[in-house]
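What follows is a set of structures for review.
Two complexes, one shared chain (chain A), two partners (chain B, chain C).
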Partner chain A sequence: MKVKIERTALIAGLQMVQNVVSLRSTLPILYNVLIRADKDSLFLTTTDLDMSVRCQVKAEVEKAGATTLPARRLFNIVRELGDSHVELKLEDNNSTSVSCGSSFFKIMGMADEDFPPMPEAGDSAAYRLEQAAFKEMLRKTHYAASTEETRYILNGVLLSFREGKLTMVATDGRRLALVEQEIEFPKEAEADMVLPSKAVNELLHTLGGEGELSIRAEKNRAMFEYNNVAMSTKLIEGSYPNYRQVIPPECEERIAVDRESLLLALRRVSLVTTDKSNATKLTFAKNKLVVTTTTPDVGEARESVPIKYSGKQIAVAFNPEYVMDPLKNLSNDELYFELTDDLSPGVVKCDMPFLYVLMPIRIT
Partner chain B sequence: MSDHVRNADPDAVRFPRAIAHVDGDAFFTSVEQALRPELRGRPVVTGAERGIIACASYEAKAQGVKRGVSLRDARRLCPDLVLLESDYEAYTLFSRRMMNILRRFTPFVEEYSIDEGFADLTGMRRALGRSYGELAAAIRDAVRRELDITVSVGLSTTKCLAKIASDFRKPNGLTLVPQEETRAFLEQVPLADVWGLGPRRVRKLEASGLRTAADFIARDERWIRAMLHKPGWDLWRELRGEAVLAVDTAAWRPRHSIGKSRTFSPPSRDAEAVYARLLRNVAAAFGKLARYDLVAGEIRVQLRAQDFTETETGCRLDPPARAAADALPAVRALFETLFRPGVAYRTTGIALDRLGDANARQAELFEDRRQGERREALRKAVETIHARFGRASVTTATELVLNKSACKEQPRPAARPLRIPTLSHVHRS
Partner chain C sequence: MPIRILSAHVANKIAAGEVVERPASVVKELVENALDAGATRIEVEIVAGGRKLVAVSDNGCGMARDDVLLAIERQATSKIGDVDDIERIRTLGFRGEALPSIASVSRFRMVSSAAADGAGTELRVSGGTVQDVREIGAPQGTRVEVRDLFFNVPARRKFLRTYQTELSHIRMGFMALALSHPRIAMSLSSDGRNVWQLPGGELTDRLRDLFGAEFANRLRPVSFRNGVALSGYAGVPAAARADRSEQFFFINGRAAQAPAIGFALKEAYRGLMPADRYAPVFLFLETDPEQVDVNVHPAKREVRFRQPGPVRDAVIQGIRQALGHPVALGLPSASGPADDPLRNPAASSRPPQPRLTIENLPSARAFSYPANALWTKPASPVVPGESAAPPVSAADVPVAPADGPAAETEAGAPWAWCRVVGQIGDLYVILEIEDGYVVMDPHAAHERVQFERFMNSFLEGKIQTQGLLMPETVALSPKDALLVRRHLSLLRDMGFGMAEFGGDTFVVDALPACFSGASVKDLLGELAGHLEQAGARGGKGRWREEAVAQAACKSAVKARDSLSREEIERLVVDLARTEMPYTCPHGRPTLIHTSFKELHRKFARG
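What follows is the complex of A and B.
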């Protein structure tokens, strides 16, 4: 293998794939990036066995071939190089020389045959969406996913392709975020899949603002293709809980709240909460939303946000993080709180197909 | 011992603040003797389960047996010594009743430890129609009459003075130190008896020629601050009658972790027997959790083998557990990953972490509300029975194997009927 490539293109390519590289693994080759030169491109691939990412970068290929190199080390070296072009040349014993202007490196790698192959997509039907729209949907739901290993099925985001739309859901069992978007796909392609959080984060990290995205699902894997990137990930197996039944069918009061003002108030008030004591009370009174918290041994805080409201007074306690999460990830100026009483779930909505259910903290 | 009420005339000038410190006399053994009248007048010690003396009765102390003496030396000193396992459940019950007696005299009660409490009586003189000295004596007499144990009471103008005063005459003592008698009182108190002065500070002060607490307060404020910094300065002010430390009424709560472990003999290779012992600790730990109104978000299990090798593993409890029953599947799974067939175990332990407030419970989206309510009703019922009849009254069936097993363990102290005055009795007076 002998190839010449623009340094910035190589950096961009390595950046796309290096998050997947294991930080701790019993398999040394998983620390490496697979580099394959073919025709006019360099293909960079990394994997942690659950998930693989491949990025294609333009290059002048003098001699086709492949090898693997330690991903982090290669990235750190290329980042520090001075010239505009880099030359990679496979030498003997799986070592590769990296030349750039006056710099010369020789890096020990491992044979490419030992690198776990990336599962390729079959000819199953593909769902096609705008990248930007899909990324936005992930952004509005992903934070609600659980990080508790005991709730394995909730450690990801549900993608449900049904009835001409994609419904995306994430929940940790205490709050739930849901967003919907109409897309076109044949009836027989209806399917549900739970995307692990690591893949979700990777997509959020690498999806661009323009262009299409194609998703193919097969048994327990999904393949994503966008721009110059292909990603394959295992799906979380098991049955996702029936989220429809926890969405309250109706509420007693619907109150418009300025998103930014409430977020700032919650940010400040939550400064006196602790892991152990985080209940924050939201009191919706006449034209005023009062946010208070009291933490033993720490102190108390009170903030007041103007609202237009003349219904019955409702005081309900929530984990402030759970209220702030959607506020941070939405961009609407105005949100709507739908509430009934201090024991019933609260719902946050906005002027788009978005819904957030959160359970109160019941204080006795 | 006779009462030493120096002057029964209540006087707001003598007590600008009136703080009582109530200290149980040889508390653990006193509780044992109250529960078992046949032990009265006999030398008794507790702590047999750990092989050290946790508490010695006055009869034992008279024969030279006190805390820190080895069990072998204790038996040599006192051949008819009665050795008991600690029964913290009974001690806790007595402690709670003692604090409730204090609360009849003032709402400002600090549960300083299991066997001592502070009561701020300031202003209660008029409301209760008795002098401060009479109130302090009434507390002491009420505890003796209702719980059948004795306490020593110190009454003074600050917490530090009250604490030193309660220690001045023991057992069943009553020591009043009004404002104007502070100096005369402190002249009789060696530095080592001052609450808050450790051995190192005492040596430091003695090197400067100080002998008594009176010498200490006679020193200049700046000298004290330079010598002992802020804590020493607070102490200096407290001893001079300036109340710096407030009576902290917030109930004491474990902040980080609740642990229970127990060693048994002989060691056992029987998985079910070892598991049953673990469950006993689980029940005890959750009992404590319930007393402080907490929930646990993490649980850890420890097993120690006969050769002292220790293994431990843990997991998150999600949602956090309030009752032992909520955690049993996790405990079983953890036990099975730790237990090795053929290994003889001598200690099982449990630790509850990530403690949270049980009264502010994060509701769950996918919970079955009716099932949750039923479980909650069961938990409350079991808790009520435990509070009334002791923890041995309701246990898991697994723990029953321990009653039949041939293990040479003393009968569980909690299994005997606890003849403790009922709550209704306490509230009546």
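What follows is the complex of A and C.
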């Protein structure tokens, strides 16, 4: 293998794939990036066995071939190099020379045959949608996923392709975020899949603002293709709980709140809580929302946010993190709180197909 | 075969089998006699692990010629007169068995003088037969020499262990006697070498002489009185070891075991350390002699209490109190003997001066801790004297330490400052503290923090309950279901939204907010298990609540791999605020401390 490649393109490619590289693994080859030169491209692939990412970068290929090199080391070297072009040349004994201007490196690698092959998608149907829209949907739901290992089915985001739309849901059993988007796909392609959180974060990290995304799903894997990247991930197997039944059919009061001012108020009052889960009380009174926290031995804080409201007064306590999460990840100026009383679930909505349900905290 | 009355000689040999088991029992019997004789100085000499020679000399009251002869008769004693005296035994011996038994299985020589004028009696007995009695010049007191033990009982001799084993038994027995009578000067020599030379003094001195100053630093004074008087010292959990060789009980001055005390000790340390570890304890129990039956075992090793209840309570509460003591538990400071906490408990409650403070550290890696209200109570040290004078009365009055103001320092946390060095093995956290380093298990630490936080909010009646979006149903085994059902109202009070769902199934729709991360299924299983264990133990006060809290902590604290520096600091601060930072609620240790002193020693830096 012998290739010449633009340094910035190589950096960008390595950046795309290096998040997947294990920090701890018993298999040494998983620390490496697979480099394959073919035709006019260099293909960089990394995997942690659950998930694989491959990035294609334009290059002048003098001689096709493949090898693996330590991903982090290679990235750190290339980042520091001075010239605009880098030459990679496979020498004997799995070592590769990296030359760039006046710099020369020789890096020990491992044989490419030992690298776990990336599963290729079959000829299953592909869902096609805008990258930006998909990324936005992930951003509005992913934070509600559970991190609790025993409830593995909730450790990811549900992608439900049904009735002409994609519904994305994440929940940890205390709150639930849901977002919908209409897309086109044939009726027989209706399917549900649960995307693990690691894959979700990787997509959030690498999805671009423009272009199309194609998703192919098989029994327990999904393949995402966008720009010059292909990502294959295992899916979480099992049946996702029936999320429809936790959404309250209707609430008694609907209150419009300015997102930014409520978020700032919550941030400030949570400065006196020692424990993240310490309840924050929201009191919706006439034209005024009062946010209070009290922590024994620390102190208390109170903020008031102007609202337009003339219904009955409702005081309800929530875990402040649960309220702030959607506020941080939405971009609408105005949100709507739908509440009934201090024991019933609260709902946050906005002017788009988004819904967030959260359970209150009871203080005895 | 006709039945015959055994001759006195045979009877003595049989009794010897019970009283004199091995050389250590000879030492014990002879030293106890010396103590009963009012000696202030007792010397013990051993040759060849006691097989060749056990000699005990004292400066006690001694015996006149007639008494010397009578002493080796069976059931001859000066210690009790009539049967009622058995109920009120204050002396160590009373059965009148020891000397004749010993004399019947050895070459025995006794020299005793009751008068200060130097006139004494020498008695020689061999295998129970008197060989010689004659006048001899001797200082006041008694010297007993026991040579060639079991020379005429080959069966016994065969069962004697190596010299080293026998010597270690002798040392253990001697240690118990020395501890029970700290005011008596005692010495032990083996094969002409001095093993211990103990001047008479306070118990604190004796503990240090026997075990060393470092060990003494890990003890906390115990003082409790509820009908029985308990005093002495209890070791911090960190000082625990895998056997009971450092557990000593003295009941009315007599080293003894009692089933009730063993139970109580286990209970007192329950939750502070694993069940198979034993903390050192030196407990002196003073009670009405009529309440103790010492006449259970010929060697008086085990006693029974007529009312074990108060004894049990005294041990549990006394130790619990002692461990809540405002001294830097388990983390001995690198102090010299000058500020030995046993002599001056206030000295060690003063935190060592930090060598680095926040100001002169470059980063915020080091931080000091808030004072803990519970630990800043002034010390009320006890100075246990010997058994004859129960020291407990002195304990009710807090002893003002010499440097008064230091007693009420902001001691608080287990260390005055610490620096987070990092995490190893993606698990253990290493902290540098003022006199060494500490390895912390973050899971155990987190459990302890959660446990106390939850119990406190429960006791304050401020439980926060996080509702669940999707109520979960859990089917339990019939046994577990029964336990959960029985405690359902308690669980509801503690913030678990739980109801029966028919059969052995329960539905959970809310959890205490601090455990909202817990898996409901695991939680219910843990709850049943903990309630069952706690129930079987029985107990007082809040055992049910504690069982629930322990179970909840266990299932809520999940094994997170790496922690950020901020998370570690948060945890360290939280842990330092807890009442019992040294163990998780299940008794596993949270911290392991190693002092620079220890490191210096290991690196041979002198």
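As a working rule, the second predicted complex is superposed on the first by the 362 of 364 C-alpha atoms of A that agree within 3 Å, B and C clash if a C-alpha of one lies under 4 Å from a C-alpha of the other, contacts with A are read in each partner's own complex, and residues count from 1 in each chain.
By definition in this document, contacts are C-beta pairs under 8 Å (C-beta built on N, C-alpha and C of every residue); 3 or more make two chains touch, one makes a residue touch a chain.
All of these numbers come straight from a predicted model, not from anything done at the bench.
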Quiz item: Are chain B and chain C a fit on chain A, or do they clash, once the structures share the same frame?
Solution: clash
Quiz item: Of the partners chain B and chain C, which touch A:41 in the superposed model: first, second, both, neither?
Solution: neither
Practice problem: Could you say whether A:150 touches chain B, chain C, both of them, or neither, answering first, second, both or neither? | Solution: both
Practice problem: Using the touch definition from the top, say if A:141 reaches chain B (first), chain C (second), both or neither. | Solution: neither
Practice problem: Using the touch definition from the top, say if A:273 reaches chain B (first), chain C (second), both or neither. | Solution: neither
Quiz prompt | First, second, both or neither for A:68, with chain B first and chain C second | solution = neither
Quiz item: When the two structures are overlaid on chain A, which partner does A:363 contact: first (chain B), second (chain C), both, or neither?
Solution: both
Exercise. State the stretch of chain C that overlaps chain B in the combined model; pick it from 9-17, 45-53 or 261-269.
Key: 261-269
Self-check item: Where chain A meets both chain C and chain B, residue numbers
Solution: 148-151, 171, 173-176, 241, 246, 275, 277, 279, 296, 317, 319, 343, 345, 357, 359-364
Quiz item: Given the complex with chain C, which residues does chain A contribute to the contact?
Solution: 24, 148-151, 171, 173-176, 241, 245-246, 275, 277-279, 296, 317, 319, 343, 345, 357-364
Quiz prompt | Of chain B, residues touching chain A in the complex | solution = 250, 315-316, 318-319, 354-357, 359-366
Quiz prompt | Contact footprint of chain B on chain A as seen in their complex | solution = 148-151, 171, 173-176, 241, 246, 275-277, 279, 296-297, 317, 319, 343, 345, 357, 359-364
Quiz prompt | In the complex, chain C residues that touch chain A | solution = 426, 453, 460-470, 472, 495, 510, 513-514, 516-517, 519, 521-522, 558
